[in-house]
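In what comes next, chain A is part of two complexes: it sits with chain B in the first one and with chain C in the second one.
Let's look at the complex of A and B:
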């Protein structure tokens, strides 16, 4: 039972609605008009199958109908109706999409995806209401159409779409590689993407396609190619090939070149960054080999330098190079000489990449630490300093100016060009800016005394080996080294050279007085590395020649005497052998005759004669002189020779070693003075530099313990140091 | 067997003839009483040993680096005495060819 008021209200509402639809026209003609307009409009909007004949509408007519509906404020209802019919007709699109996707999944041809998008676009166009009908209808239509399309696209579509995009990109950069270039280059395609909202939806995917393309191109073009600068070429490639493509997704609707440039700016710099990053990654990965190839690979280093300015990958570079060094360089299989050569190349290369030297400092640290532990590092450095003839490529560039060694520099704050340390420099980074390679190598060790000592040993060996009296090479080297190390430390070497020339002068004088076949080198004891003394006495005619010469010498230099070092030097002998009765000597007899105390040395000497077919070993330690060559016995190998070091001489060996170790005590003392405290491994590895040192680490340990008992050294925390 | 020496490049050290006949012992070597450097080394002011930094022999049988001794003698405190035994320093005449050897 409705109240009057309610009835009244309903009546008013109804009247309002009627008036709205009738638009104040007489009778119900307005209502009729509305009804007609509604059916025209819904007929117009009805989503048809693409196969159906095209609708033939009078645009004016349709517009008029929509105007009527707008006047009657029933547009929302119409839209709702339209959306509902679209939903009902969706199956048409779904059917198509499924058919295309099934085909794509069979063939994996991105062209199918292109066809699919074009087809979807046809649907879109077919169902689209007129643009003139206003924003509201179009927007609602687009939103619903896209929602629907996305809902029916299967997950494989994303993959297919990516393949399609990369095909379009490839069609720009390398047209031959794409089979149906015409299809993927269709300019309508991008219009379709845009219409369907695919560009927006798959934006990340599109840029990832581009990134991948750049990566492939950079890797393909630049890998292993170090002899020219690639970065500028890559940028050209970007400008010529990739940018025209980029116009499609990123600069649609640009009317002028100016506008397009503005639209591309952001994305362009992102891609440029990616080019640099990819190149930088590649070069970082290749860096170890680039360094090996230096200086042919200098261009690649320039590239790397430019890339590093754009991309902050310095720490990655350090880590990767350190890793490569550890794996490929710093292992027992590598020659010290090779390590040094590579280290020098690293120095040169990283100076190109990073002139302040921060990268170098970080990379070099493990190499230096490793080299310090290698026993023959100093020897190698010194050998290359004096330009050892063996290897052609010296560590030192001959063109480099020779300059004195440089210590760590103190910042000069008065320098107007002073720069602060780079931002990623570690706390212990020392700006050793223009220091040369030799200074860097020498600074591996804390003291340069070691180098001078080693140099002295090396020089001694070379001088004593020189047979023709030509020391110009050595003299020249010493002069060069004087510039580096200074006069003082090399004074010793100077004396050695002087001894050589003095010896020749003296020899000439002596030869005039009393010709002799003996040409001794007379050395100043304290200025040569300690040469082992020997108690060998020369037999018969040798002794006589020595005595005569010594007498002449004393006559020439009245205040001086000669002390022979019979175990050094060379002698050319002529042996005349004939048939004769043989006598055999035992080793012990021989030794007592020549006064040798070292059994191993005498054995070695005897075996040298055995090898020449002069002596024959009858039985163990019994030797026989072969007056007639015994062909069968001559080519005896060392196979069944007792291993000399294994001679059982237990009682005397220990004493002998102790005596030997006393010689090396001076070395140990010296190194502990120079380097503070050292672990036993270091002492052992350094002692190996000493001439003739052949003790094991256990023997050294026993000796150090003995020295500790005598209060000469102390042992704490794994290190030995001098007791003060 | 006949052994003929064709050529011999030997190595020898020179040594000052300090009058001691102890070639054989190469243990503790003789040092200059003033600078404590070995005779075969050189005095602190010299760089090159041997004839450039010779020894000087005294009548008292003491031997020094010549430079060391001359420097000592030139100081007033020395009173021209041998630093070892405080006797008047007299430089010994060296026999040019020691007959005993």
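Let's look at the complex of A and C:
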């Protein structure tokens, strides 16, 4: 049984407890007082239903009761008791929440959520103990109340709450769009959120609402609108419309404007960043079209530049533009001229966005690589160099000063304005100072010799096409090009131009000696690109005129000889046709007389006469000279005639390439003759003996297959051999 | 004296050694250039019945040539392979040329394929090229120099076409497309 010591101990404890509760008062009056205080306190704290009639409490009385309990150190027990009763009475709140949520789920009206929040706040107020009772009780109450509320809120509440927040934001930025603005604008609402701890709990949700709102606004306001700067407008909008709203969740309890500003600073800059990012994303997505619209879209590019300074999206921009270029520009369907135009626009636009040129460098690389593969790129660039006016807008801005081509520049570290390369510049990035567009285009190729060569071809065509002897235009072009390319490379062009004026002089001299109806253009073979040759011989009297002229020329310049290119000349003929003998010619007879070998060319020439009513096509390829005009035959239309293609006079680079391929064929023939059959790898490596051989094995394979179709070579067991 | 020369000798060899590769490379460069241009002109000339090409890529000093017997001679319709070896000091010395296919001819050794042709020996000049050699060889087929025969048997029966042709065809091996490899 219990020992004496234990009994003693219990007795002491009992005495202690009694003394504490009785507070040293006589008898058990202290105990009685405590009991009364306990019941008053618990009655006061009891969580009532909102519908119940409020009870009157004497604050002094209650306070005294609590004092007694504090004195007796039984406050924790009272709190426990309070929390337990709250838990028991929780069903009252649950009932309300369920009712409201059911209504919300039916109507999806964020107003219901607002009402629910206000209602919860009423519960909170009704159950709250007096603030005077001290921090401990209030804190314990808030914690427990919030726990209870959050535990009964269904998952759909978050969605509803989000809708409510976004309604409050919309009420600020665009009041018309919210039906019951008054409800969501209730200033108590945010007080309630705070009280219930919703602001804290759903902080991420609130900011996401704001982000989404910003995104929608930016997209709606700025998409496709490139002719004015939007960023400042967006910032104004933020300051006018969004910041007042932000005061509610983010600057609660700010007493002064100063304080509010300090509280908003962090979140404000986050939202400003988001504005920039959204605009930047939008412009990046639209960039290809913005570039097409340049210079009308310059404002959008300024926006993009400002945004990029705030948001680090440069690599995304590069990727997105490269992708757009690949999809929309660098495909066989696009005209080389268009690609060049867009490339030039890209150069201009990206210079606005990023003056050091790192973005341009990264975006341009694939375009340049693609252009290098196109056979007619040089031709297009050269055509725009000499201002080939056919296409209208030239690549080059006429206002841009003409300047020499600029090579890659070395950094000048003595320059006080020197900037280091931007951090995202790659190792092979060359800071090319804003050089002119033509320099950039010419630098697509490793050497400018190609351009000079193509330039000569083009110049040859243009000079020979000049009929009125006015070469001022060409001279001007060459002077301009001299500034760009330097004197040296254009010397040949100079000679070509000089040939034209010299021809006139020589012609004048020859005419004085022996007047002739022939006025040839005399060109120096060595300085002109190879012109297409033709076996055309001038018939009859024309040949005689030619010979007389040639003789006179040799007398004038004994060390030179004329080689006629009659197919490039023109003849002005006046035919007098009256009562001539009838003559029918077949095409073949005609062709053998003038030494023509190309059927199409001869046909074309004859049809020209048929069109003028001089000849009549009797039957297929049989022509009769008409002594008198036959009305019926005049224009029979060219519909039934074969379409005859015009070929350029000077051989183009492509034709030169074909000539080059013929050289390679000789080498292939040589090696196959002497070494027997060879696999393609051997042929490819042996072709290194051919000077200037630069074809890939794939190109060689295509060439060999073409030769196989012509029956020159055969392919068996992985080896090519000559067909004998 | 012996000591003196002995002490000098290594130094001299060393200096000549160090000088040799440089000059050798230079010479090889010009020879390669010359051979390259000869190849180019040979390829572009398209002389009927003669052709030659380097054996391997990267080595311009070993060529293989093909000579067709000229029409109207006893060799008409026959094709012979020859090997051409260019010495490093070409074109100051003639290239070494041998018939690879057996060729029954008064001036050709039937076993070794060695050729007796004045321009390949004492009459050589630097202005000759592969093309002139090949043309000379082609004409040598039809017009042998019976005064200095390498193949006395052939020389003896040169004037008896039937007997000569029989001997020629007995030795001749047609060229297959599998080449020399």
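Basically, the second predicted complex is superposed on the first by the 547 of 724 C-alpha atoms of A that agree within 3 Å, B and C clash if a C-alpha of one lies under 4 Å from a C-alpha of the other, contacts with A are read in each partner's own complex, and residues count from 1 in each chain.
Definition applied: contacts are C-beta pairs under 8 Å (C-beta built on N, C-alpha and C of every residue); 3 or more make two chains touch, one makes a residue touch a chain.
Values in this document were obtained by computation on a predicted structure and should not be read as measured data.
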**Request:** Determine, under the contact definition given at the top, whether A:689 touches first (chain B), second (chain C), both, or neither.
**Result:** second
**Asked** Should A:423 be classified as contacting the first partner (chain B), the second (chain C), both, or neither?
**Response** neither
**Complete:** chain A contact check, chain B vs chain C, more residues touched by chain B
**Request:** Figure out whether A:558 sits in contact with chain B (first) or chain C (second), or with both, or with neither.
**Result:** first
**Message:** Just checking: does A:674 make contact with chain B only, chain C only, both, or neither of them? Give me first, second, both or neither.
**Reply:** second
**Request:** Could you say whether A:518 touches chain B, chain C, both of them, or neither, answering first, second, both or neither?
**Result:** first
**Request:** Return first, second, both or neither, reflecting whether A:5 touches chain B, chain C, both chains, or no partner chain.
**Result:** neither
**Message:** Does any part of chain A touch chain B in one structure and chain C in the other, and if so which residues?
**Reply:** none
**Request:** Show which residues of chain B lie in contact with chain A when the two form their complex.
**Result:** 1-17, 23, 26, 38, 40-41, 47-51, 54-55, 94-98, 101
**Asked** Of all residues in chain A, which touch chain B in the complex?
**Response** 464, 467, 491, 494-495, 498, 502, 517-527, 531, 533, 541-542, 545-546, 550, 553-555, 557-566, 568-577, 580, 625, 627
**Message:** Per the contact definition, I'd like the list of chain A residues that touch chain C in the complex.
**Reply:** 663, 666-667, 669-671, 673-678, 682, 685-686, 688-691, 721-722
**Request:** Can you check the complex and tell me which residues of chain C touch chain A?
**Result:** 36, 39-40, 42-44, 46, 51-55, 57-58, 60, 63-66, 81, 176-181
